[in-house]
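The following blocks contain the structures, represented as structure tokens.
Shared between the two complexes below is chain A, which pairs with chain B and chain C, respectively.
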Partner chain A sequence: MTSTTTVTAQRRQRPLFRTRFWAHWSAPAIMLIPAVVILVALSLFPMFYSLWLSFNEWNLGDRTATWRFVGLKNFITIFTTDPFFWPSVRVSVTFTGVTVAVQTLLGLGIALLFSEEFRGRGLLRTLIVLPLMISPVVAGLIWRFMYNTDLGMVNYLLYLLGIDKVDWLGRQVSAMPAVMLADIWQWTPFVALILMAAIQALPDEPFEAALIDGANRWQTFRYLTLPMIRPALMVAILIRTMDSFKIFDLIYVLTLGGPGVSTQVLGLYTYKWGFKFFQMGYASALSYLMIFMMVVFANIIVFFMRRRVD
Partner chain B sequence: MGLGWQRIAWLAAKRLLIAIIIVFFVAPIILIFLTSIKSRVDALAFPPVWIFSPTFMNFEEIFELYDFGLYFRNTLVAATASTIVAMALGVPAAYSLARYKFRGHSNLAFWILSIRITPPIAAMIPVFILFRNLRLLDSIPGLVLIYCTFNLPFVVWMMRGFFEDLPIDLEESAMVDGCSRFGAFARVALILAAPGLASTAILTFLFTWNEFIFALILTGTNARTMPVAVQLFMRETGILWGHMTAAAVIMMLPTVVLTFFIQRYLVRGLTFGAIK
Partner chain C sequence: MNKKGTFNRKLSRREALKLFGAGGLGLYLASYVPGVAAASAQPSWSFPKNIIAQPRKYKFPAEGKPYAGTKINVSMVAEAKPDALKKVLPRFTEKTGIEVNLDILPYPTLQEKQFTVMTQQTGALDGVHVDCVWMGQYAGQGWIAPVDDLVAETDPEYLMLEDFHPAILAEQCMWEDKLYGLPFINAIHTLYYRTDIFDKHGLKPPETWEELREAAKLITEAESKNGVYGVTFMGKRGVQLLCTYVNFLGAFGSYFYDKNYVATLDSPEAIAALEFFVSLVPYANPGVLSQDWDECFATFAAGNAAMNIQWQNAAPGFADPSKSKIIGKWGITLTPGNKLPDGTIRRSPTFGGWCIGIATDSKNREAVWELMLWATSLEMERELAYAMPSSRKSVLGDPEFQKKYIEYETMLKSYDYALGRPRIPEWPQMADLIEAALSEAMTGAKTPEQALKDVNPLLNEILMSAGYQKA
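Moving on to the complex of A and B:
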């Protein structure tokens, strides 16, 4: 007898519970689900699709060609016989390492210079930020103009010093540094801007105490400023490394990876396999390796930054 | 006395450094602007001429000689439409993530962020094949759809931060007064987060306005956007610097103007809300 009543009670309660659950969660669900559905469709599906594609061979240029399962062949070819894969990795890693290092140091210097009050600081700070807001395509165009052999500003400055014209983007030795300089021009303001904000948000008291204790500029910077802006520095370096490693547009406009393969970063190399040679399987395999490397880099940076703080 | 001189030298050195930095970052942009208003002869002069009579010939010619009007319209329509779509879908989702801490909500948020970090070239291959099959290649709707993959995560992350900054009491008292959950969102949270909404929308618009890779691969002659068109001119025409720089100035103009408006939220926007 008693057991039946409990069962009925439970039965009665259940719909009530459901309504409450629904009353609480319907609003957030309705607000969240459309975005999640779109993102799954636009990202998760393509990622699995291209993962599967990377184990296949498919020439999109040949209309009659169909998918052919080849297992790990694409990956094996990339690692063993592909003559351009490792050079591209080297170019990408060098490019990322040099640009991020220079941008970080230069950005930090600029942020420190601008941390003191002076007339016109606000306006000058806005001006410095401009390069990072313009399209990388426009930045590429600007620097193609700057590097132009016959009428570029760089050669004009050298001409004023009595030095002969140089074809900056057309020579193996100078193309890479030239591309790096353009990237440094565009993204140093990014690091500077983040660090300026971090420095501005610092409390005054520790600095006043340091001044009273007779700490010099270097000591104040090394033992006060630097540790306190470390989180911001980490965010800046992390974002810059990710973006620098996947660079495409700036180099596409400046050199298209040339001369030879001297500026051919991984993104550009993958693009060529996909949309010049139409080998979709091979390009998918390359793109997966690129994602894998980015994940590894991100973890290395986070690991080192964390260890230093502890 | 000696100390005084040292201080003056230090100050002068700092001023000089600041001047060099400003010139390095700003001069290339000014140079492009100057070249765009030079006549063809002046633009090709070496050494460059600094005093010349300005002309808007280049601006007129790019609209007359090429389809620049079409590319401008495409870019404007694609950027505006995709900003609207991303905001419409992303803002409610951000509110939901900020206010309802269901199990796995932070995992979901990080998954959304990871989409933004993925190199676009990796997504490009499957998206190209998908679009080819759906006949979405070289169309504005296709472009708007694909721009959601990077705009939507951005909007969700930015707005989640802005909503989390709002005190929850106001929404709660609105609900006590009879507002529904949607009402609390629409009538209270949205109004309070208005500056955040505006700056998120502006940044989304600018990112899309500047976008290159997706537009390069997914568009042909119909839906081509300005970044792709400009880069094509450069290859087709060799060096018509007057035209190139005029196009570059048109592309830079909205970014320069809008940057002044969103300065306060720039750092936040560029770091996905990691730094406020």
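Moving on to the complex of A and C:
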């Protein structure tokens, strides 16, 4: 009894919100609460929910079915008997590798070009970021129309050059490059934009020193510009790799994974298991494998990023 | 007066007295006396129809507005008929007081939207538009409920269930001998051909697939320099490619699986069907393998192909001057088939179509039924025919309509041969595998034989693990 009274008395003397801890932390805590709530509700909860789901079997279509724990069965099926998992991984990796490489090179070139002063630079710089402002689905529809064999722009231009019609999205050999080209068109400006900012922020002194030492343009680029924009370059590559690897919308609009399975990326394959076949556990397992692969790739890039900076 | 009596409840006392005064009652009662009734078998006088009403036996279509104020959510596919329905919905609301929130979505995203809402089991969705191949998923797994009880309470003269084409009802609305809804949008594959090009080369519309290929070859060789190719179809990987293949599969004498649920796509007949299908690619327009419905439509409407294997629902577009350059230069007929030894032709035009069903968890079953009844009534079927064909025999067979919509006659004939796709709940998963295999064969990544032999065991695996096959 006595102790309770003492505690109450103490509380009365120093209410919770008057403690030194709270005096210091109350404002930040209150301001952080919305962010934390949103993060937990929209990121952490679904993440753990789907992690748990990936160890279960759950057919959304079955009215009576509940989650049935199956341990690693989904993962084992994916690795051993699923005929389309590895082909999809291969397609995704190829797509990511090619598009990111081309986007980086082109983006770097454009950024270097725009670091020089010339007439109309401002206008061109605005124009070049236009593709970024288009939603990927709309971009996909535009390209789908341009690739149309009989009515499309691409074949019309080839026709002017005297080249026969090509069914870009309908043939095994051309479908993948066609999809890649659309992605490259849309996201090269993103890389260029980041690198332009990085180049503009570079200090003048090293370049002046190099000029005095008689370094040529290539040497200046190789030993000054490139090392100094390396962090920005790596960030651009990192973001693009993650985006490219989880591509869905563009492929969905352009080819739906066809012809055959030649453009069936992992994201599209996972979507099918979830929302066409309604096997939620299996789809979760697939998406976790996708995340796992993405984390591995990202860490490799981060590793390179850190090594040189140190 | 007795409430349940033969007399209309609204009959006022004064009017009734007038009637009695006229001797009506005497005649009326006398008619129950056997001798008198026989003597006056053909009465020269009878009660005016507006005064005597039949006792109301049926609950639907409801009189008065018992469901006024009910709000129902209905989800439908983005095609011409739901759009047309949406335009006339205010009339339905005026008539019944039921408010309809009609959500129209494109086909690729429709099912995932419906399913994710329905599986919450909250009744947020009342009416669902069900593709015939989803019947197993929806009816078989209990997401929509049978409507037998509602049919029993409905005025048969208004519903006229037997007026719907039996094949359409069976394929689109029935599951395990129970009726789950009413048909709204029906579709079947047909063959369109260019009458002018056929006349020019002295050709007749092909009856068999062999004839079709010969005609396609001849036309391609003669006309491809003018940009006109023999045939066009939907060759892009997807559901339409699969639907087109059914036209061949059945005609060549095979199906996706046999009655023991053993996949039969590796059978010689199925392989021959695909080999034949692939052999049409050289005589098709160059872009055929990236064509979905829209592109295929555009090719034929632009006059770039002499034949088109396509759903009948492209016909209104081909007749529309704002979309078509071939007005008056095309005809429509049954999809070809293969000649059997006895001389008959085995055809298998692909069956498709939609049913409006009522979600099991809906709390407004009666209101949805009212809407379904109204939307599929003879009156509305005739009115909405401008958008898409009716499912009723009386409309499809009406000479006036057949003149106006030239596809009706072919449709009626085609239903005798129509071949549906499997409707088991596992079908979407199997269809995806088959679509990939067909696409591989069409683009030459694999031979037809290899593609089908590769996919067949995968289908068996699904059928086995779903418990259809005995191990």
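Just so it is clear, the second predicted complex is superposed on the first by the 289 of 310 C-alpha atoms of A that agree within 3 Å, B and C clash if a C-alpha of one lies under 4 Å from a C-alpha of the other, contacts with A are read in each partner's own complex, and residues count from 1 in each chain.
Convention: a contact is a pair of C-beta atoms (placed from the backbone, for glycine too) under 8 Å apart; a residue touches a chain by one contact, two chains touch by 3 or more.
None of these values were measured; they are calculated from a predicted model.
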Determine, under the contact definition given at the top, whether A:46 touches first (chain B), second (chain C), both, or neither. first
Which partner reaches more residues of chain A (counting touched residues only), chain B or chain C: B
First (chain B), second (chain C), both or neither touched by A:259: second
Once chain A of both complexes is superposed, is A:137 in touch with chain B (first), chain C (second), both, or neither? first
Looking at the overlay, what does A:148 touch: chain B (first), chain C (second), both, or neither? both
Touched partner set for A:61, first chain B, second chain C, both or neither: second
Going by the contact rule set out at the top, does A:191 touch chain B (first), chain C (second), both, or neither? neither
After lining up the shared chain so the two structures overlap, which partner does A:285 touch, if you call chain B first and chain C second: first, second, both or neither? neither
In the superposed arrangement, which partner chain does A:277 touch: chain B (first), chain C (second), both, or neither? second
Per the contact definition in the header, classify A:294: touching chain B only (first), chain C only (second), both, or neither. first
Which parts of chain A are in contact with chain B and also with chain C? 60, 148, 150-151, 275
Hey, which residues of chain A end up touching chain B in the complex? 25, 27-32, 34-36, 38-39, 42-43, 45-47, 49-50, 53, 60, 110, 113-114, 118, 124, 126-138, 140-146, 148, 150-151, 153, 156, 159, 185, 188-190, 193-194, 197-198, 232, 235-236, 239, 242, 245-246, 248-249, 252-253, 267, 270-271, 274-275, 280, 283-284, 287-288, 290-291, 294
Could you list, by residue number, the parts of chain B that touch chain A in their complex? 14, 17-18, 21-22, 24-29, 31-32, 35, 43-48, 89-90, 92-93, 95-97, 99-100, 102, 108, 112, 115, 117-130, 145-146, 148-149, 152-153, 156, 180-182, 185, 206, 209-213, 216-217, 227, 230-231, 234, 239, 241, 244-245, 248, 251-252, 255-256, 259-260, 263, 266-267, 270-271, 274-275
Seen from chain C, its contact residues with chain A in the complex are 111-112, 115-116, 119, 121, 137, 141-143, 235-238, 285-291, 295, 298-299, 302, 304, 360, 425, 428-429, 432, 435-437, 439-440, 442-446, 458, 461
Which residues of chain A touch chain C once you look at their complex with the stated criterion? 60-64, 81, 83-84, 147-151, 164-172, 255-262, 264, 272, 275-278
